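Some structures to go through are shown next.
Both complexes shown next keep chain A, but they swap its partner, so chain B is in the first and chain C is in the second.
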Partner chain A sequence: MARDIVAGIFCCTGTFFFILGTTGLLRMPDLFTRLHPSTKCDTLGACSVIVGMAVHNGWSWDLLKLVFIACFLLLSSATCGHAIGRSALRRHIPYWKKKEVKEDGHGA
Partner chain B sequence: MKRVAALLFIAALAVLLLYVVSRMPPMGDPETPTATHVIPRYLEKAEEETHTVNVITGVILNYRGYDTMGEVTVIFCALAAVLAVLGRERRGVIHGFVDRSEVPSSTIVRTMVRFIVPFIILFSVYTILHGETSPGGGFQGGAIIGGSMIIFTTIFGLYESSRRIPLKVRAPLEGAAVMGFFLVGTLGLVGGGNFLTYAWPRVAQDLHPSLVVWLTVLVEVGIGLGGAMVLTSILFAMIREEEEIATVS
Partner chain C sequence: MNIGSRELTGGGAFRSKLLLFFLLLLFWIVLTASLALHELVMGAVCSAFVGALTVSLLGRALDPRITPSVLLRLPVFMVRLVWEIIKANIDVARIILNPRLPIDPRIVEYRTYLPGDLPRTVFSDSITLTPGTVTVELRGDLLNVHCLCPYHEEGLAGLEKLVAWLFQVKKPEVEENG
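And then the complex of A and B:
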């Protein structure tokens, strides 16, 4: 029972971070600020859900699989964020500035 | 005049099709023949008839083996069409690679791809071999191998990846899916059954049922390898074409 509650709390936290990340992806003004919330989806969101499932499952072989999934998710997500950010930086994609938005009203 | 005739024809066709649609049973109706005969039959008999625990694999590879064989042939034809348009690299010639990207890939990405691609291929092997007991199968596993090759090629370039899977390995394996199906199907014929009867009923009815499972696995492996190689070959042909365009211009 207590295990179910703890697992539920972890899964709800993960879902919350997913919602947060998606909202950020839609609402943020430019690539760099969008990259920031969207990487949170994978790290905090998915890992919380995985921790919740691990708590729900207890000690079993599935735990090992979940740990592997979490490891690969963290590695690949971090690499993706790095690649996108680095590529955007090297290509001189313009940053968002507050003034520009106020002038033309639509943003760059 | 021509236009009016075409319009009339389309209108008649639309009325006919709409009439047919209106006579179709509603979605998910439990009274249709499909729901009363086909589905229960598959669900109840699939395990003892096809010896595969995963009913979906049993249906795809055994009950509807002809259909799947056609699909596999379609994939092969797609590769043939792509190669007919773009052309195949010459045997033994490994294409040079020049990174024309504005931003060359970083050490982190290279290290990560080098680290993770073996695991992706391992996972695809798992997916292919567990096709008859759990979700998965040849098509999915082949697509995973193809995806890992796409990642590897985008990061390391055509030179490195075509060195690892040279043409003399790829070319025979591209037809592996079709060949696997024909081999297993013909074995059914030899055993006195119909084409694609896995169990070869008269000769070896008392044979261990795991033989049927092995034949299913053989077809799965064929589909996996063939699909992976077809995807890789299409990728290589397209990248080579792009390189040639970049070299000319």
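And then the complex of A and C:
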């Protein structure tokens, strides 16, 4: 019972980070800034879900497979983000810069 | 550009190939979860094939920097990296959820003292996974890092120290001249 609760907490945290990653992807202004939420939040989200599954599953042979999945995910996610950023840089895609904010313009 | 990698003699290269073969076989056993003879034979054939492919593609079986002491330190490194990743996520989450989206992105150049391909690859992968930084170009010892906010740049030196600790690389005392 306690194990189910802990597994549920981890899976919910993972889902929350997935939602954050998607939100960031939609809110960010250009390709380079969009790399940040997609490489970080999605990685932590997926790892958190994997930890949840590992807790739910308990000590078994499948635990090793889950660890492998997490390791490959960490490696491939970072490499993939790097590859996208590098190809964009080599094509001289301009990156978004902060504009000078007028004092009266933004009332938050 | 392998400054630090040693030339392997015939015996060392063979040992490294053998080690790669057994690592792949171990991976196969974990995936199949059985020790039946036909599975092992199939795994041995596949491991030999993948090993031969790796050697023909990379010119060597395993990077000579992967030593037992590095593998021993790897779990500690992973734990500290995961801690950095969690901090990175909370930070990026705060930026994303802020209605004003307080970002000020820029691409900074960072010159690393880490020698060889493997430590630099580990370093740039770690940068991509930690707060507000993505490595967009790695050429020689020069990294182009895209930072979400200017203060994210400050985390790079600490991360470099962590990777240097993993591979036991000493920071050069004198600045290289030219």
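Just so we're on the same page, the second predicted complex is superposed on the first by the 95 of 108 C-alpha atoms of A that agree within 3 Å, B and C clash if a C-alpha of one lies under 4 Å from a C-alpha of the other, contacts with A are read in each partner's own complex, and residues count from 1 in each chain.
The working rule: contacts are C-beta pairs under 8 Å (C-beta built on N, C-alpha and C of every residue); 3 or more make two chains touch, one makes a residue touch a chain.
Note that the coordinates shown come from a computational prediction; the quantities given were computed from them, not determined experimentally.
With the two structures aligned on chain A, chain B fits next to chain C without clashing.
In the superposition on chain A, A:Arg27 makes contact with chain C only, not with chain B. Of the two partner chains, chain B is the only one touched by A:Phe72; chain C is not. Looking at the shared chain after the overlay, A:Phe17 reaches chain C, while chain B stays out of its contact range. The wider contact with chain A, measured as residues touched, comes from C rather than the other of chain B and chain C.
Of the two partner chains placed by the overlay, only chain B lies in contact with A:Arg91; chain C stays clear of it.
Looking at the shared chain after the overlay, A:Leu44 reaches chain C, while chain B stays out of its contact range. By the document's definition of touching, of the two partners only chain C reaches A:Trp61; chain B does not.
Our summary of the superposed model lists a minimum C-alpha distance of 5 Å between chain B and chain C.
The interface of chain A with chain B overlaps its interface with chain C at residues 75, 79, 82, 86, 90. By the touch criterion given at the top, residues 27, 30-31, 33, 82, 85-86, 88-89, 92-93, 95-97, 99-101, 103-107, 124-126, 128-129, 132, 134-138, 144, 146, 148 of chain C touch chain A in their complex.
Across the complex, chain A is touched by residues 102-103, 105-106, 108-109, 112, 115-116, 119 of chain B. Interface residues of chain A, counted against chain B in their complex, comprise 72, 75-76, 79, 82-83, 86-87, 90-91. Those residues of chain A that touch chain C in the shared complex are 17, 20, 23-24, 27-28, 32-33, 35-37, 39-41, 43-44, 47, 61, 64-65, 68, 74-75, 77-79, 81-82, 85-86, 88-90, 95-98, 106, 108.
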